[in-house]
């Protein structure tokens, strides 16, 4: 089972984890909107995706799924307006043994961070905002 | 929030994950009963715990919680009779940033494997059984 | 003969330019970057570019009617 | 004067001995291990020991009435 999803709907980590359940070791990463960044208080944020984002995420998922140890995986990224505590990214990797699950899940999250054409605008408590990484 | 639990009740990964939700990065490990071990087909298994297991698990949890980056964690180990697919171990670590969450969760799982006084008896499809690691 | 290309701007690049799409004359990516610099500003130097959906490394010629995407640094997760 | 200690056996050690508890005379852990060897068998060499709840490293003297736990290799997770 391989799932990749770019969606403005609320992400459900438990459902994604369950989609990878038939295996020995399942490692799940959940990234939630933090209430601070670089010492500033974050109020809300907005993710916007390039039209190619679903394809890129699917390629990342397919590359991970092609690894010998990987039995199932799911990766999903939220878009649109999020508030503190909302789930932005979920990545799940199932393998027979635990070390591979940790390693592949961490690697897939890194790939999403670096390769997925997705942008994040943070709105701070003082009303100012910034596109993360762009200034 | 720090939770440690040795229980014969069914484990709920989603509930344990939610108990650590107020943070940037949450990594969850779920260990399920595999249908095979060393090439043999596993039918069921039984975990039995030494009476000190809850205390040992609490100490493992407390040591992890004392790490600077760790914001919340939960660790739970099932005991009693389990069948293939049942959740045996759940470990959740929340931190502000992802690398620490992966590292601490993986380390806590290793500690549980090596330090928790818990034993596993596997029953194979051919009716034979073995205490894992004892023969 | 027109040499216009369609430029799609995203995120910080769109915010800086005040628009998500422009049509500009350009025969190379370097040429186009020169035209974009005044409106897009500092973030342009941190952007990567897609020409007709493919990543462009360095300068490349642009055909008339090409679509160029201007991508600020990714910040998913 | 009695030198009996209480021995609690777990998992593979209990399965081999056919019981979870024994009372045996012993004045040291090494002494006790000699008494247990015939009934517990090969797994005894892979076991660790708690004496009154504390991990015993190597040989230790045993007080009368002590409780000794015989712990096969852990296999949680």
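Residue numbering begins at 1 within each chain, and the chains themselves are lettered A, B, C and D in the order written.
Heads up, the rule we're going with is that a residue touches a chain if its C-beta (ideal position, glycine included) is under 8 Å from a C-beta of that chain, and two chains touch if they have at least 3 such contacts.
These numbers were taken from a predicted model, which means no experiment stands behind them.
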Set of chains adjacent to subunit A and to subunit D: B
From subunit B, the most remote chain by mean C-alpha position: C
Subunit A and subunit B: spacing of chain centres that average the CA atoms, whole Å: 24
Chain centre separation (subunit C, subunit D; CA means) in Å: 75
CA centroid of subunit A to CA centroid of subunit C, Å: 27
Contacts with two or more other chains, residues of subunit B listed in rising order: 31, 98, 109
Shared-contact residues (touching 2 or more other chains) in subunit C: 77
All pairs of touching chains, each written as two labels joined by a dash: A-B, A-C, B-D
Subunit B to subunit D touching residues, read off their complex: 31, 47-48, 50, 52, 77, 88-89, 109, 112-121, 131-135
For the subunit D and subunit B complex, residues of the former touching the latter: 10-13, 15, 42-43, 46, 50, 53, 69, 71-77
Touch list for subunit B against partner subunit A, complex: 13-14, 17, 21-34, 85, 96, 98-99, 101-102, 105-106, 109
